[in-house]
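For clarity, chains are labelled A, B and C in written order, and residue numbers in each chain start from 1.
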Amino acid sequence: MNAIEVNGLRKEFKAYSSRSGLSGAFRDLFTRNYKIVPAVNDISFNVKQGEMVGYIGENGAGKSTTIKMLTGILTPTTGGIIVNGMNPHKERERFVQTIGVVFGQRSQLWWDIAVQESFRLLKKVYKVSDAHYNEHMDHVIKTLDIEPLLDKPVRKLSLGQRMRCELAAALIHNPPLLFLDEPTIGLDVLVKLKIREFLKEINEKYNTTILLTTHDLTDIEALCERVIMLDEGNIIYDGALKSLKEKWGEGKEISFEFLEKADLQHLEALTNDLEAKWELDEKDQIFTAVTGDDEEAVSQIIARTVAAYKVRDVKINEPSTEEIIRNIYEKGMA
Amino acid sequence: MDKYLEMIRIRFLMMLAYRTNYYTGILIYSINIGAYYFLWNAIYGGKSEIEGLSALQMTTYVAVAWMARAFYFNNIDREMAMEIKEGKVAVELIRPYNYLGMKTMQGLGEGIFRLFFFSVPGMLIVALIFPLEFSADFTTWVLFAVSIVLSFFINTQLNLLTGITTFFLYNNTGLIRAKRVLIDLFSGLLLPISFFPGWSQEIMKYLPFQGISYIPSMIFTNGFTGSQAMEGLLLQAAWVLILIIPVQVLWVIAKKQLIIQGG
Amino acid sequence: MFYVRMFFQYVAQYMKTRLEYRADLVVELFSDLLFQAVNLIFILVVFDHTEFLNGWSRDEIIFIYGFFLVPFALFSSFFNIWDFNERYIVKGEMDRILTRPIHSLFQVILERMELESLFGAVTGLAVMFYAGSRLNLEFNWYDPLLFVVLVLGGVLVYAGIFVMIACISFWADARTSIMPMMYNIGNYGRYPVDIYNKAIRFVLTWILPFAFVGVYPAAYFLGREEWYGYSYMTPVIGIVFFTLSVFIWNEGVKRYRGAGN
């Protein structure tokens, strides 16, 4: 069963450009230059129940706009959305009962009152019974380790503490679908790890579908098998994270640290019949050979180099997801 | 000086960007003045004059008082309160300008904008609908111009004062509102000061409020002429100078507090 | 039923927050009182210089003002949405509202309520009793009941107008400060509308029907029979305007653009 079905979804915004200078501003008072800008440009995709999907793209690529349409906040210009079997905007009040939303940049909790008061109020808002609440939330509170924070007002919490509480608040009604918009922005590594672990756990336990946008690709690597990549309102990649790497992760890097003094030209001469490009990090005296995915070439480079010099350390690196994605955006998908 | 002029220009542009504001503003001010016109006509009820003002002068008084308000009125106290609460004021303080001076200039930018694009056309529209009496005397216009500039400074200084209190009170929305209500009444916007009972006029002589609306409006309607007008201007100027003291004193204390509490 | 329960939940939360800042509460009550006093002073000063306002006596005008304060207090307590545009549209709080399973307008109302304004109703009743006793008004047994109905009608009129103004934010491209100015116009409903010319009377009756929050319903208790028709129409106008405003709100929400665009 599909949790999310998006078909030819499009959202246009009317933007007006200001004329420059004072006289331009006066003219704006009477007539304005309007421009129709599509923020999301006819996209289609499906997400199955229980999937964890990373939704990535640069700032302004249309991520937030899509999430806001999927959560019923914005009305699409054209196209169809079915989420949890409903049209988010048309049946908003019934629909939001079945989703949880966390906006990393915006608090869902009441600023001035204690966290548990916010929880209590949300519990009533989502019509959660005491029995359900106790069973489910006891566990959530324990796993996220927020027990000691419950009686503190939100404004007194640190960002990491607040984010954990936000996450708990979004799960009070144990929704089958969770939207996370930049949930780890500005958090330290320990909190990030805790949040990731928690997300994995609820995904396994309740088969919760999770759609995640983030700038931190390590989040995606840790959680998502599938990524959807957006550029200027269009989907430029939709598929497994692994095949993205295979397809775009060009080659390997082999770094050597030598015990004796090495010479870049000599190294280049050694491997001149192979596909290899040598680089030297002057500061650390690390020599790196960049090569393709040909395994024969990799082993040849290592064998010849080791034979020529005494080696202290050898590392084989694949390009990181971040590099791959930067590459895609810089060079384009074609 | 350049940076302050730039600030005025930026505010000007900001105001122009809000054009819905602009159109509805003129409409609503006109309705406002219209309603007051009829209210005052009913109050006069055929009397030729009350407290030395004819019904015609009174209408003009109301119209010019509201239009002048568009010039001197600003929300910098609310803005300051917001900036202080959100902790932005610490950033403002490390910038190379005088914060209070900058706020004043922002208010002036807004004021000048409203004067030319709001009050003047608004006044023309109102003058078409209702009988108003404009002075033909050039000196009256000059005195009025000086007077509303002074009233801008008095009002702005009072706004700065209420704005600064945010440092000490944290939440001062109530105070800001109370100040606005008091100014509307005691400045002579709603009623000329001369209408009040004698004892309260006596008290108001020692308060800065009548310098905000009463004096310029009386000058405009020729209620004050000659030496009376000059006295009024002197009184306004005196208040502008006097108010510098509490503003600066509170500001110095506030800055100390800011350093101790760390913004 | 759910909405009634939610209402009391929010009220309870509100009390808790409010009691944390008790000093604010005192200042706010004081500034409310000041605001009410200033308008009363205006009436008193004016009547120092005249006996009648188009045939209405000082005490009648004061009575109308007292009546006006009651629906106005209820309105201010529950429809404190004058900064809706800034708070919910510009800062994007509307996003959060729209992810919760309660009608969005109802949530905004619940979040923004300011119960201390209810105190104004007490002032209003006091002013009415003062003026009423000086006027030797006679009351029927059903008048208190009618009072409640007319007050509620007035609240709905005010609420309807201000919700509609808040809705402008869904369409307009920039912030507007119509809201504070509208409070001024609301004041004119407190004076007998027969002092105005036809255009303004028409506006105050049918376009921005503020007259139904002051002079029209109060005329009933003052025994001004020529206005009874308008008095009885108060709840009708209230329901019509409020329903219309909710309808416009629902349409507006569809056009919500979200923050940061």
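Definition applied: contacts are C-beta pairs under 8 Å (C-beta built on N, C-alpha and C of every residue); 3 or more make two chains touch, one makes a residue touch a chain.
Nothing here was measured: the structure is a model prediction, and the numbers come from that model.
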>> Suppose chain centres are the mean of their C-alpha atoms. Which chain sits farthest from chain B?
In response: A
>> Looking at chain pairs A-C and B-C, which one is connected by more C-beta pairs in contact?
In response: B-C
>> Closest chain to the protein's overall Cα mean, using per-chain Cα means, please.
In response: C
> If you average the Cα atoms of chain A and of chain B to get two centres, how far apart are those centres in Å?
Replying inline: 51
>> Can you compute the centre-to-centre distance for chain A and chain C, using the mean CA position of each chain? Integer Å is fine.
In response: 47
> So what's the Cα centroid distance for chain B and chain C, whole Å?
Replying inline: 27
> Taking each residue of chain B in turn, which ones touch at least two of the other chains?
Replying inline: 17, 19
> Which parts of chain C, given as residue numbers and ranges, touch two or more other chains?
Replying inline: 173
> Hey, which residues of chain C end up touching chain B in the complex?
Replying inline: 21, 23-24, 27-28, 30-31, 34-35, 38, 41-42, 45-46, 48-50, 52-54, 168, 172-178, 181-182, 184-185, 188, 191, 195-197, 199-200, 203
> Residues of chain A touching chain C in their complex?
Replying inline: 13, 16, 39, 64-65, 68, 71-75, 89, 92-94, 96-97, 99, 101, 103, 106-108, 110, 112-113, 117, 121, 124-127
> Can you list the residues on chain C that touch chain A in the complex?
Replying inline: 2, 5-6, 9-10, 13, 16-17, 20, 92-96, 98-103, 173, 254-258, 260-261
> In the complex formed with chain C, which residues of chain B make contact?
Replying inline: 17-21, 24-25, 28-29, 31-32, 34-35, 38-39, 41-45, 47, 50-51, 169, 171-175, 177-178, 181-182, 184-185, 190-191, 195-197
